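The following pair of complexes shares a single chain, chain A, combined with chain B in the former and chain C in the latter.
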Partner chain A sequence: MPIQLVVRTYQFFCSIKLTVTLLLLLVADLSLGYICLQGKVSLFQPMNEVGLSQWLLTYARSQPLDSAWFLLLLPLLSLLGINTLCCTGEKLYHLVRSQHTRLPANRLWLTLSIHLMHLAMVLLLAGYLTSYTLSTIYPSITLTPGLPLTVPGSSLQVELLEMQMIPYSRNRLIPFLGRNIDVNAHLLFKDGKEQVHATLAMNRPVHIHGFSFFLQRFNPTRAGGMSPSQYIIFDIRRDPGVLPTFIAMGAFLTGLFGYLFFRHRTRKRLEL
Partner chain B sequence: MKYLVSTILLLLSISLCGCKTGDSAEKVPFLQIGEFAINRVSDELTIVRDGAGRSLALIPRGAKAPKGFAPHMIIRVPVQRVVAYGGFDVAALRVLGVLDDTLVGVTKAKEKWFVDDVKRGFDDGRIAFIGDATAINYELLKQQHPELVLTWDPSVIPMLSTLNIPCIITSTPVAMCLNARMSYVKFLAPFFNREQQAEDFFQKVSNSLKDIRRTTEGQWDKTKVMWGDMYEKRVLVEPGNAWIGELVGLVDSDYLFEDVYGTSCIEISMERFLYSGTQANIYFTYRTPKSGATSKAALARLHPLLAKIKPLSPEGKVYAPLPHYGQSGDKLDEIFTEIAAIIHPKLYPNYQLKYFQELPEVDPKGK
Partner chain C sequence: MIETCSLAAYTAGFFIALCWPRPFLSTLCIGIGTAINFAVVLDRYNGAWPMMPMHFGIAGLSVVLSFIWICNYGTINRQNGLRQQPESPILLGIIVLVVAATVFFPKDFYVPFLRSNVIWSHVFLLAGIVAKSFLVHGGVKAFAALQGTQKKPKIAALFNSATNWIVYGYGLLTVSLFSGELWCYLGWGTPVVWHDAALTTVLSLWLYWTCFLHLLFIRSWSQKQRSRFVVAGAVLVLFFACHPDMGPFRLPFQGQG
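Let's look at the complex of A and B:
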């Protein structure tokens, strides 16, 4: 009986009908999400700081109407992941059994590339889930020159040595003239006797001792502005989901290039 | 398959039907107010999220410090000594009925205050001027022994942390909407155990908004409103997501920066400002009479390009906030009503302005 149940469940998840149904439901759900998100971004932003489980227990619970689409999105994506795994597993199993007898090499690599993309998508989802459930986050930490701070939960010290402002240098956007659009924040990390210099900027995080530092904002954004004080605000994250996410991105790209390359060769062969 | 679809639709229906608002009078376990949040974890621990996204722990006096929070991130409640930067924070303390007992420091000198309670605090020697917001005298600040600093300036956090003084950032990267503006006192309430006072204030402002809505509903002649100012090098306005944008919409009028999204006092291009200026009927300037907004002609002298906007012509109207406006956050109901009266003067006959001043075409003679 339990074996029968496992087999039936596996067959259920191997169904392409299930894939289509889930994709249609995802389209409907995300369309609902598009409507619900209007003017409600602040409801979802804290998820980056408190993590998924805490967010579900607090923000989502307090505003169920606006977060309902997201609550539905999670099981839909989980089902799609399981569905993809089962379908890909099934196809790979048949491929392994019949590869030498049926498929030419180009066709085989083409098929494998497609399966690699499917598996990469599942890994990508798992990576994001890991990031949002298992990360340690210290949000909005302010640092001013000359006042070092210790990274919470470690002996790592960080000091802001210098801020090199990067002003807007073109003349196309007149309101941006004279405005600092980025900063090179020169940081000194100390851990015991070890000292490391690093530069933090927008879209240029610093990774050190398992921690990642992400610049959130900085001041002054304009010379002679209302607030002249110098500071940077950054988030510190220890994120175990980064590695699987990057592996998944690499695997997806490999699969995509393989698909494009072997599809071309397969077509050429067929034309000949 | 149909079971799966039915189950998912059922779950969605249940979650949609089971919703409730978080604005009830009792202590709700979790409350989000714009960028701010209050999470009542237990009777002994409340975690608050300030405007910068930092989490701080509120614990009763004498309770054991919770794990995972640095000493400067733990606030013992009810707080007994507060330093406040902004007039709006001081007004919130007044709403909660704790100003007289708790405020010990401000960043404006006595002569710049219009709140009697603050003036009295200066006279009694209880409140100290700790320096201008951009040049704080930390020695003086420390002497006041504050248990909490309410500030909009994140640059003071590292120094306050070294002094082990908890602080919360009361400004937000995105402008406060109408609900957040009204509910801000609810965010400060757990610091002083004054939830009921905050709820009473919220209800009072909420009722005034209902009255405003009832009075102004169905107005077909859409007044066009803009709020901002042109300075020497930049143009700043209130974005459409700010409370004023919502309020103008609520009184069936058009806010001309409805499409602008972001922080309060957001910078936009001069062309955009002037374009809206050609359509506006009413213009609210940031400048007070003290900072040069004494007449339309005076404003035009300050920035000649400003003269091109319609409200500065005899067809339009310009309003400047009076000096005490920025310290009157405890009178939000009156301020909202006044703005409604300015936009729809026919619906509020004989209304006497208290917080804004309509600018004459030219300065009165002798001034």
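Let's look at the complex of A and C:
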């Protein structure tokens, strides 16, 4: 009886009709999310700082109607992941075991490209889940020159040595005239006797000893401005989900290019 | 003001194509409209560089759709006339509506933000615009395939052509989505920021077209049903491409000295 139940559940998840249903539900849910997000941006911003579980227990709990679409998104994405894994697993099994191995080369590569995209999708979803559940985040840490600090939960020390401001060099945007649009923050990392120099900037994080440093803000934003004090504000993250996510993206793109390339070369199209 | 000139040229081109069989004249009007529109869009992009211009998608969409029209229908019209290309006036109508939305509902007054000073933000924006244009064009072709006046082989050809546009649009949408995630990671430290509606809309569209690609494998769905699905998808693309970038209603010359 339990075996029958497992088989039935597996067969249920192997259905392409389930895929279509889940995808349409996800589209409807995200469209609802788009409507809910209008003017409610601040509700979702803290998720990147406190992590998914803490966000669910605090912000989502306090505003259940506005976050309902996101709460629905999580099980839908999980079901899609299971569905994709089951479908692809079954198709790959048949590809290896049955007569499909005698497919023409182009058709075989086309099929493999599609399967690669599906497997990448599963890895991508797993990466997101890992990222949101297992990552450690220390948000909004302020660092000033000459005052080193220790990264929480480690013996790693970080010191801001110098800030090299990058001003807006054009004259098209009036609000940006005389304003610094980026900074090269020269950091010194110390762990015991080991010393490493690195430069942190906007969109240029620093990765060291499993930690990643992301610049959020800096000061001064203007030369000769009201607030001349020098400091940077950054987030420290230890995120085990990032690597699988980027591997999955690379694999998906490889599969996609394979699909586009071999789709043209395959004379007998897949119903296209 | 200059956008109004491009809207006038597009509208003239649309009505000439619809009512007066002078393909050269309509192509000329659309060409003029596109040249003006492209210059405006290029100037906006140049103004915001090295950052990403805000609420730029709708303006970019009108330019790419215009280029698609000129490349696909501008010359063909001369040989075959509009009856053989029913999708041509439909696409022109959409272009006129999109340009009218940029003129009457502008939202180009926002200052770019610092974190968009990275190549991936530009890839996210530009690939997204081209992808959405391809998907809208695919929808237009599917709409033409649904018209009762078409012959069966022509319907099949139109649907196949629509599918080709959609497949390439989907590919570009994937590039846009992944670039957006890469940008999110570099800027915010996480691959997805849920507070940004732009990523939510791209993800929604991406899932919709993923669904379409899966529908091709379900035999019980007829070509007509799939075409309807594509048309509905094109409407969704237009909504998500235009609505976030539309501001309050404003007359073109309002507030100008």
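Things worth noting here:
We adopt the following convention: the second predicted complex is superposed on the first by the 262 of 272 C-alpha atoms of A that agree within 3 Å, B and C clash if a C-alpha of one lies under 4 Å from a C-alpha of the other, contacts with A are read in each partner's own complex, and residues count from 1 in each chain.
Basically, a residue touches a chain if its C-beta (ideal position, glycine included) is under 8 Å from a C-beta of that chain, and two chains touch if they have at least 3 such contacts.
Every value quoted in this text rests on a predicted model; they were computed, and no experiment measured them.
Of the two partner chains, chain C is the only one touched by A:S131; chain B is not. With both complexes placed on chain A, chain A has more residues touched by C than by the other of chain B and chain C. Of the two partner chains placed by the overlay, only chain B lies in contact with A:I233; chain C stays clear of it.
Legend: residue contacts after superposition of the two complexes on their common chain; A:Y34 is shown touching chain C, with no touch to chain B.
When the shared chain is aligned, no partner comes close enough to touch A:V96: not chain B, not chain C. Residue contacts after overlaying the shared chain place A:P175 against chain B and chain C alike. With both structures placed on the common chain, the touch criterion links A:I3 to neither chain B nor chain C. In the overlay built on the shared chain, the residue A:K17 is in contact with chain B and with chain C.
After overlaying the two complexes on the shared chain, residue contacts for A:L43 are found with chain B and with chain C alike.
Residues 17, 42-43, 175 of chain A lie at the contact with chain B in one complex and at the contact with chain C in the other. Contact residues on chain A toward chain C in their complex (touch as defined above): 16-17, 19-20, 23-24, 26-27, 30-31, 33-34, 37-38, 41-45, 47-48, 70, 127-128, 131-132, 135, 137, 170, 172-173, 175-176, 181-182, 202-205, 212, 214, 235, 237, 239, 242, 245-246, 249, 252-253, 256-257, 260, 263, 270-272. Chain contact summary for the complex, chain A toward chain B: residues 15, 17-18, 21, 25, 39, 42-43, 46, 49-50, 58-59, 61-65, 68, 71-72, 75-76, 79, 139-140, 142-144, 147, 149, 152, 174-175, 178, 217, 219, 222, 224, 227-231, 233. Residues of chain B touching chain A in their complex: 1, 4-5, 8, 11-12, 15-16, 18-20, 22, 28, 30-32, 34-35, 37, 39, 49, 52-55, 70, 134, 153-155, 157-159, 161-162, 173-174, 233-235, 241, 267-271. Of all the residues in chain C, the ones that touch chain A in their complex are 46-49, 51, 111-112, 114-115, 117-118, 160, 163-164, 167-168, 171, 174-175, 178, 181-183, 185-197, 200-201, 203-204, 207-208, 210-211, 214-219, 236, 240.
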